[in-house]
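Multiple structures follow.
One chain, chain A, links the two complexes that follow: it is found with chain B in the first and with chain C in the second.
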Partner chain A sequence: MRLWRLVVRRLALSLVALAGLSVVIFAATEVLPGDAVTAVVGPDATVEQRDRARLELGLDRPVLDRYFDWAGAAVLGDLGTAYVGGRPVGDVIADRLPNSVLLGALALALAIPAGVVVGVLAGARPGKRLDRFLSTGSLLAIGIPEFVTAGLLLAILAIGLDLVPPVSLVPLGGGPLDAPTIVVLPVLSLAILPAAAAARLIRASVADTMSSPYVETARLNGIRHSQLLRRHVLPNSLGPAIQVLGLAVGAIIGGAIVVEALFSYPGIGAELSSAVGTRDLPLVQGIALVLAAITLLSLLLTDIAGRLLDPRLRT
Partner chain B sequence: MFFTWWSAATVVRMRLVPNNEGQMDRRAFLKNSLAAATVTALAPLIAACSGDGSGSTTTVGTGATTGANATGGTIRAAFVGAGASETLNVFSGGSALDFVRARAMHATLGNLDPNSPDGVAYGVLEGIEAADDLSAYTLRVRPGVVFSDGSPLGAADVIHSLRLAANDATGSFALFVADFDLEAATVDDDLTLTLPTRQPIADGPTILCVGTNFVFKDGTTDFTEDMPTSGPFLLREFDPGVGTRFERNPDFYGLKLGGGPFVDELELRSIPDEAARLNALLDGQVDLANDLSPLQGQELAGDDRIVVEATQPPYLSALYFQMNMAIPPFDDVRVRQAFRLACDRQAMLDTVLFGRGEIGNDMFSLGFPDYAADIPQRPFDPDEARRLLAEAGAEGMSVPLLTGPESPGMVEAATLYAQQLGDVGVDVTINELPAGQLFADFETYLSSPLVSGFTTAAPALLYYQVVFLGGGPFGLGWNRPDIDELVFAARGTADAEERAALAVQAQRALFDEGNAIVPVYKPVITGRVPGLTGIAEGLFEQYPSFSEARLA
Partner chain C sequence: MTAADTTSTREAKVDDLLLTVVSRHRAPVLLVITALVGVVVVVVALAGPFITLADPTRTVGKPFSSEIGWLGTDGIGRDVWSRVLHGGRSIVLVAMTATLAATTLGTLLGVGVGLARRRVAAVVTWCTDLLVVFPAVLLLLLLAAGFPGSDLAVVLAVTLTTLPYSVRVVGSVTRQVASNGYVEVARARGDGLGRVIRFDVLPNVAGPVLADAGIRFVAAIYLAALAGFLGLGTGAPAANWGRMIAENVPGASTNAAAFVAPLVLVLALSTSVNLLADELSARVADR
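Now for the complex of A and B:
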């Protein structure tokens, strides 16, 4: 299949998936206990107040009508207005998304190379002591949720060693990079899990390649181990690394919701966490939709990149 | 009805921490202000009871000359914020930080001051006089108060501001102007206005000076960074969800009266997570962290780096349980009394609040002069509880207890109470909802037989009116027109003693036959560095304006 056809096809599938996700997001916010009325008029409003608010919000209309109104406006770029504060949801996202993108990019920049290095070191000599050590470590890292990782890092680096600030207070009038130390803890917290996942995938790929006949032939021909790895094993094992990139983006987005809130980092994840707490449904729906779109886009791009890099996948 | 049911209820039933702690704290501050309102109305009694009439509060009108006491420096303080949804429009802001920001930015008509002879410390007002028949109030604006654009602040600005508050969609701010007919309000001269009341009320000054009535320039419709303001600090930078930077207002009216602001700059930081607020304080990233949990307060005890301050009665939050009288067997007063007798309040105070708080007596007005303090403390009597349950045929009953982490200590208190009820043979199932859901799921809350809640103590009259009047939904089945009449009569009574006596009667009925279990009262806990002082002197210290704060 020609690449452009593949791109168009995958793009169409992504849009279908996004439409499906929008249904899931809308339905999920519909079934949240406590409706939007409470978020607007407060929990103590009278029945009359609640009824009035319900009318004003259009909640008396059929759910399908409301979904199509919301989705239709979203397609046109209008994600609605936040209940709390009354700001357009698009503005809130535009404020916070760059901070999260920065955090995610730094986490990816740390996680993928680290994952590759650890994966190659472990897979180069499968079953040896180093492989067992690194494989166990990466498995452990995958099993620990981000909030635990973040807590441990906080205790060690901020409270114990006093190397970095415990809270990510962005300088007023500036950005996160104006005080680079504030991103250390959230970036590390976000990077560990995808790094470990990448390491395991790459380790398996490297180990598989190491046992292939052509590597064995090369080894019998006297090629040094380091050269073997660099010239023959690594290029053939990077396919999984590319795929890991897409998965890592998803993991980082999920982790950011917890990690940003924990460190009070002003990103879109913390905003989503806060919006869920206040039942600010337009904000929840808008952010969730944007995060879903980013995840789908990253999967699409990595898929295309993987096919470009690996001729076998193009056939 | 002086206060409409809905708006009053909005004030009293609010969450301190959203949600994930922290959300809708405006409700909390309004609740506090409501509580404070009546305290102030009865301030002379408080002062008399304290034995120290001088108090510690600095009010305008005394002190040094303008700026003579300035200490300079920058105060950095952390509050529960609302993320990117934070707004300069205090009427639609949903967090503590939104309100604190407004307090730094805008002057108010006045603030409650229990140590002041008339119960209030006037702000831009110089005085308030009531008509003999309580049909109107005359407000005199302090001369020489100016906005940041240099224009004078006058009577027209006050009326416009009160009308803005009256149009507050949530009703939280409208509550404090609901008793006045603002359409009929008149400007008598540049500095004098008349506010007719909708029906005679005795506590007009208290309501107007509750601390939530900010003053905006006449014609203000938008709340922007460059809007004219008259508060102790001038806004210099506002980044929603991150923070706000202020500079000292050199033209603030308080300076001419010998007060603050004393510091050069003020930075308010938005930190929703309570652990992060504490970490920021301990690390020196901020000088003050508002709204810490009881556990955090306990952990900080003995730490020389931090001063922990807890509000004292009556500025406490009642952690309570409420039985739904519409659902059997709670329609039987014997069962209700048994549930109250089964509660070991001392154990709850010691384990849930680490001793930092007060024991409750199933009433909501601890520390207020009209609190029925003469009613003996209900004992912990599990044997009598078992007897009453057996007599009512309810021994061995099962009941779900609906609770959630809406305020620190709520779930812990519910868990302990469930154990205590288990000791008298009641099988309790804890139904813990996620943060932010307890009050959001309106129907579930009102249809549950036994629920958790919290509220700041409010005087009996106001609390009754908010929760129980007319069989309101949050009364959970309480509907007593005879007691309602008592409350109505009291609200329109100018004589303080007569008013308090009527309030006690109503309260006694709730104590004997009501459906609330109030085991403990919890303070608002703040941590600060030792060099930061003068927070309380700015009044309304749960949500400080920093107008009198100094930094060593």
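Now for the complex of A and C:
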């Protein structure tokens, strides 16, 4: 079973990568432990209070010891306790993650079909006017930061036309879907970048297939353009393009941090930026680790899916 | 070959490069407009603080009023016009510094990776790929969280997030150059590694490095503006286009200009830089 060996190998590599990233996360957040103490006791604390807090938090111990304690507990599912509010980090994440997953899933569901349609339309006749228009458009869209897209959408849809609320306030005791209009702006702002990225990748793949000898042969045989696309081009260009999914998940995770903060959407990204603001290190580390794991998992899955869809790599 | 000869061939090369950059083979109108917009925005960003004498942090009137000054006031009554003129400099400077650092380091590491033995190269590539996997925003947040309020931390963060891509690109181009034969010939006739890099590798990877620097600059502008938006780097009350967007969202219905002006500037900056970098890499690829 070659597939199983592949899956196991990739899974092992992903775990090694996750361990590597956990070092990056820990190192990046632990360089200045002095400020973590301030986050707990406040800026006006006396020297004794600060020293006591440092001892209680275990910040007087060597960095390596603290890393292995943190990573060891994380392996067992314990991400520590948030400084602010004193809740277990795992609980905070379990609270907020579903909201973000909903946002990301909706954005993906919008971005991927849109990207495929635009990419195929552009790549079907490379160099023609429609291709130039769509390619320039997707290039433009790729270069615009999410918070600018989000700001533009906010200005037009929420303030100009008053169609949706400008702030994503979740009704008390309910979820985001109890007030569906609040997800419109975050989802749209999140979807544009991955849609444009997907469109460019698929356009390249389709245009590449269009210039291959067997497509030329089919064309010379007199096959209709639409049938050529459906029967010969798409099956051979969408397989390689499966990696857009992994790419899109990465873009959406990065974007969610920004977009959720802008719209005050109660997701894990907004939680992360506020935790960075209050220097709540366990919360920052925990969320970063979970996001890294999700990114790696999505890459792993798209990698395996790509192998499954590519007939040359099947056995 | 005399010194004069080398100078003239070098000049001819520069002329050649300029010619390919200036001459057109696609719709020139869009490119000219883009270049103009880009230059104007960068000049406004860099020279803005000299254009106005007004203090961007002083309260001059009621909050979110559209009656005071050219662009009204922001949430605590500061003049938006002078904040706009002051708010671009750190974004452009951070992006430029980070691009310079990432390109220099990336070229050094990339050439090293490209010439190194396969196993060493594989390890370095795996490490850089690891950072590529990580969402750039997350890395930016983490690194900047370690040093709150410092623009230098943002430069460092932006450099580190863009560096892996540079190493990857330069590494693969160097590997191509190294397999071309003349590097082996140079090594065989006894040229030292430094000489080979200086005379055989660097001149041949210069084009792709330049194109890559353009793409790095696009990413750096994006991340620098984003850092401002997220409140990283030199903090309030200093003006920053990215942060002004976040600050002025609540007043967007009473004084839209306070929110729209920085939004349009970031949009113009990132879009023009993006199109120009794309054009640059298309030209380098054509050569």
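Just so it is clear, the second predicted complex is superposed on the first by the 307 of 315 C-alpha atoms of A that agree within 3 Å, B and C clash if a C-alpha of one lies under 4 Å from a C-alpha of the other, contacts with A are read in each partner's own complex, and residues count from 1 in each chain.
What we mean here is this: a contact is a pair of C-beta atoms (placed from the backbone, for glycine too) under 8 Å apart; a residue touches a chain by one contact, two chains touch by 3 or more.
If you're wondering where the values come from, they're calculated on a predicted model, not measured in any experiment.
Taken together in the superposed arrangement on chain A, chain B and chain C clash. Residue contacts after overlaying the shared chain place A:Leu301 against neither chain B nor chain C.
In the overlay built on the shared chain, the residue A:Val92 is in contact with chain B alone; chain C does not reach it. Contact with both chain B and chain C is seen for A:Leu262 once the two complexes are overlaid on the shared chain. Look at A:Gly254: by the touch rule set out above, it reaches chain C but stays clear of chain B. Judged by the touch definition given at the top, the superposed model places A:Val7 against neither chain B nor chain C.
After overlaying the two complexes on the shared chain, residue contacts for A:Ile144 are found with chain C alone; chain B is out of touch.
Applying the stated contact rule after C-alpha superposition, one finds that A:Leu59 touches neither chain B nor chain C. Once the two complexes are overlaid on the shared chain, A:Leu154 sits against chain B and chain C alike. By the touch criterion defined above, A:Val276 reaches both chain B and chain C. Within chain A, the residues touching chain B in one complex and chain C in the other are 154, 159, 166, 261-262, 273, 276-277, 279. Those residues of chain B that touch chain A in the complex are listed here as 5-6, 9-10, 12-15, 18-20, 22-24, 27, 82-87, 89, 92-94, 98, 170-172, 237, 239-245, 267, 269-273, 275-276, 279-280, 282-283, 285-286, 433, 435-437, 439-442, 444-445, 473-474.
Across the complex, chain A is touched by residues 30, 127, 130-131, 133-139, 141-148, 218, 222, 225-226, 229-231, 242, 245-246, 249, 252-253, 256, 259-260, 263, 266-267, 270-271, 273-275, 278 of chain C. Chain A contributes residues 33-34, 37-50, 82, 84-87, 91-92, 95-96, 154, 158-159, 162, 165-167, 169-170, 172-173, 261-264, 266, 270-271, 273-280, 283 to its touches with chain B in the complex. Looking at the complex, you find that chain A touches chain C at residues 17, 20-21, 24-25, 28-29, 31-32, 35, 136, 139-140, 142-145, 147-148, 151-152, 154-155, 159, 166, 250-251, 253-255, 257-258, 261-262, 272-273, 276-277, 279, 284, 288, 291-292, 295-296, 299.
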